[in-house]
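Mind looking over this structure? Questions follow.
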Amino acid sequence: MRSLIDIVEFSVEELDELLKVACDIIDNPQKYSEKCKGKKLATLFFEPSTRTRLSFEAAMLELGGSVIGFSDAANSSASKGESMADTAKVISCYADIIATRHPLEGAPLVAAVNASIPVINAGDGGHCHPTQTLADLLTIYREKGRLCDLTVGFCGDLKYGRTVHSLISALSRYTGIKIVLISPDELKLPDYIREDVMEKNGMEYIETRYLEEVMPQLDILYMTRVQRERFDDLDTYERLKDSYILTLDKLDTAKKDMAILHPLPRVNEISVKIDDDPRACYFKQVRNGKIMRMALILKLLSETDKHWDPFEDTVKNKYICSNSKCITTVEQELEHIFKKNDDGIYRCIYCDSQANKEEI
Amino acid sequence: MRSLIDIVEFSVEELDELLKVACDIIDNPQKYSEKCKGKKLATLFFEPSTRTRLSFEAAMLELGGSVIGFSDAANSSASKGESMADTAKVISCYADIIATRHPLEGAPLVAAVNASIPVINAGDGGHCHPTQTLADLLTIYREKGRLCDLTVGFCGDLKYGRTVHSLISALSRYTGIKIVLISPDELKLPDYIREDVMEKNGMEYIETRYLEEVMPQLDILYMTRVQRERFDDLDTYERLKDSYILTLDKLDTAKKDMAILHPLPRVNEISVKIDDDPRACYFKQVRNGKIMRMALILKLLSETDKHWDPFEDTVKNKYICSNSKCITTVEQELEHIFKKNDDGIYRCIYCDSQANKEEI
Amino acid sequence: MRSLIDIVEFSVEELDELLKVACDIIDNPQKYSEKCKGKKLATLFFEPSTRTRLSFEAAMLELGGSVIGFSDAANSSASKGESMADTAKVISCYADIIATRHPLEGAPLVAAVNASIPVINAGDGGHCHPTQTLADLLTIYREKGRLCDLTVGFCGDLKYGRTVHSLISALSRYTGIKIVLISPDELKLPDYIREDVMEKNGMEYIETRYLEEVMPQLDILYMTRVQRERFDDLDTYERLKDSYILTLDKLDTAKKDMAILHPLPRVNEISVKIDDDPRACYFKQVRNGKIMRMALILKLLSETDKHWDPFEDTVKNKYICSNSKCITTVEQELEHIFKKNDDGIYRCIYCDSQANKEEI
């Protein structure tokens, strides 16, 4: 049974196929309007996320299917102490496919290995959010006509922004991508993304603190929010914050066909005055997210007999996960399972965090 | 794009057309059971209201459409600081029509001018609740066969009851309506409704504190709740409250075909013993509300190319809205926009409150 | 109009018919996929219960119907003080059948007598949960091929477990049932079940504190959770708890075709290592619950003209209910109604508790 936890599980060929199906859905929506007739999507949202949940629900409805689910943990059996594994087994009796969001990292993988239906990770803490990346990829593809030979700027919080990490990983497999990292020192891209993803794949990149400096060369500008709570020092925040707010005047030097992306919700990091500029693509991105989720649901429902084993080449119960937000910290009778990466580091199969150094 | 924020936006001809469609739906439900096939209603309820939300959802389902949405703000993106404008733009990518309830007055208009799909106001604070008025009108029409030449009593809290204000406004455009206002002095109809609506339109009306006194002349009795928290003085409340509770014995002098309406929920202001009296129409009103919402959804989905501009003849950013519950107090980058009424008073385009006197 | 509040309202013949329909649904799901087209189920959950709610929703969707509702009281009109009776009358305007869960015992009966559509009790406090019993019966029937001539063990909390009481009541009408009661003294089956149900119906039974002692003779083992909060004395709890946790080694002496049931959610009372044992039937039970709910919805929607009067042979307003969790304690203008049992005891029609001794 195939599930989707992390975008890197899909090959470039698979991504290309998803993009192709998505474009066909856009061109011929009627062709798909009964594809999932009689099928049910379960949206298991252990923390609220209206946009993502409604996107999945709209996707399933536009495929002619229906939806059951819950929108926060208080309304779920988890409030009665049920494990994620049991929830997945129970929901497998009710639905044909699951989309789940969870504050604990790795929870969707626990669901996937226990469910007898496909599971889509709709966001697990700071870990992964692969369907956002699918939305980003379709938007770039539709705006620029390609996923190669592009200069892509990422602006704002590059340290905690999982959508940034994930999109860089996805783009690392295409050729001719130049990455421009624009952030304050406090919020720079983590070393493991720079080294393990960009340098390892030979991606060209530059780092800067100043958006204006690099604006003219960008094909894509991916904005994120700089949150006050990320700074130890409020003075620094106050001094920096305006640099990472996109206003109409800053667009003067940008290419006329640059595409501005943002994973939303925005608060004030993009002025609403930009919304009517043809370069503003963040609401198109929303629609594209729905379309890619349609393509993804179709793909996973058609691959239920495909082999997928996240436990290949792993070691069990030798180490403990170091991440306090990992599902292994709370899930009943869950084994600690690690995979040895190329660099020799053992990483938790659930949340990708490093193992604690000592063996159990 | 046409939306519905305030009942007065609909002409008498439009209301008559809605009533006609509603009666046809009642007679031929099957004819309408696939009218919205493939269409989606988004119910965006930023505060809970089961009855209204489920009425909209039942309406859309009986038209063959489907529903997405949320039932309180905690489960919405607003909890992450998203503006109403952005929410409306995002939901426009997922659904075909929006019904929204919001504690802040004017929020549905902000949604309507930003959405690319029609928006129905399902209640915004104390401001408007037009689909309740549609339910009231259909109930009167079906019970009495007409919307003119009627004596209509309103009993209870006439000061804060927005359904009362709204129904009086709607009835002011029909001929031969006599209004009977029954309330304690503390909860009398506000002057601006009496003057701007009733007197301006030459409506006949009387005011009284005693329900029994006027009961025999009423064709319609519209009950509302007298809430303890509206009184500064608890003694006054205790002395008055029973006068505004409808019991079986008080009905002795009423016409045999009087119709009793109530917007619900009731607590104790109508004795449950009256429920089986043929004059009790408040549960018929519930069913009529669903039917009128069906007619309204059909109307708005058929008028998406119709021009609607709430900003005609307005002034921008010259005054500030005086209403602390207006959406302008919180919505990001929202301009303050006012319209000059016949009386020379500038009123906020969003919540209809007066402008603060000084110009900005 | 027929509703389902307590499993004992169904005759053995009716249960057999439900089981027969359920088996046909399992064999021919397509035959049922449009049976409820155009029909709406309202799920009125005044307290959260994901599993039960989603089971009902999946059931209705698999019958081709649709669903409206709410998943906790905060999102319902009850938070505005609406009575259960009014809610039932209102929802009757929106839906074709109701499934309701409520923390107050008797609330679903209040809904049933006020609604103009069938009402299914989806759990009312510690009182009844008949659709769980339907799930249990189908599971036993499908695993063992019969509902008679079985030795059925109940293990754990037999005092407060309403699913235990309810299943014993249901089984009391079949022949050749032997009941094995396994619990600590603190959590023994209440006398009124032992006397009024088991002894009155001549059921064979034994009581023990030790699961291991009786394991070899069981055809069915029904597990429940032993909750810490049920014990006055924590030492006792600590000493006892492991005796009532089912582990793989305890299964060594069990029959090879014993069926293990559990109403779920479990916390730790059944080791997850047992999940893969062919005797583990608790997830099959989940699927069976959905199937029986499908059969039940079909039955009730086909019997809307059938006479059902829970008020036959009752006395009104002569006694007061002694149960502080009874709906009569809060519902507006609700009469206190009692039925005299064979033993001469007056029991509340809503919650089955005894009347307070003095007459009003």
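First chain written, first letter: the chains are A, B and C, and each begins at residue 1.
The rule is short, and it goes like this: contacts are C-beta pairs under 8 Å (C-beta built on N, C-alpha and C of every residue); 3 or more make two chains touch, one makes a residue touch a chain.
Everything numeric here is computed off the predicted structure, so don't read it as measured data.
A.B. asks: Considering only which chains touch which, how would you classify the arrangement: line, ring, star, complete or other?
C.D. replies: Contact map by chain: complete.
A.B. asks: At the place where copies chain B and chain C touch, is the share of residue numbers found on both sides over half (same) or under half (different)?
C.D. replies: Copies use mostly different positions to touch.
A.B. asks: Roughly how far is chain B from chain C, centre to centre by C-alpha average, rounded to an integer in Å?
C.D. replies: Roughly 42 Å, centre to centre.
A.B. asks: I need the residues of chain A touching at least two other chains; which ones are they?
C.D. replies: 66 - these are the residues of chain A that touch more than one other chain.
A.B. asks: What does chain B use to touch chain C in their complex?
C.D. replies: It is residues 33, 48-51, 54-55, 57-58, 61, 66-67, 71-72, 264-268, 271-273, 275, 283, 286-287, 290 of chain B that touch chain C.
A.B. asks: Show me the residue ranges of chain C that touch chain B in the complex, using the header's touch definition.
C.D. replies: Per the stated touch rule, the residues are 38, 40, 42, 66, 68-70, 74-77, 79-83, 85-87, 89-95, 332-333.
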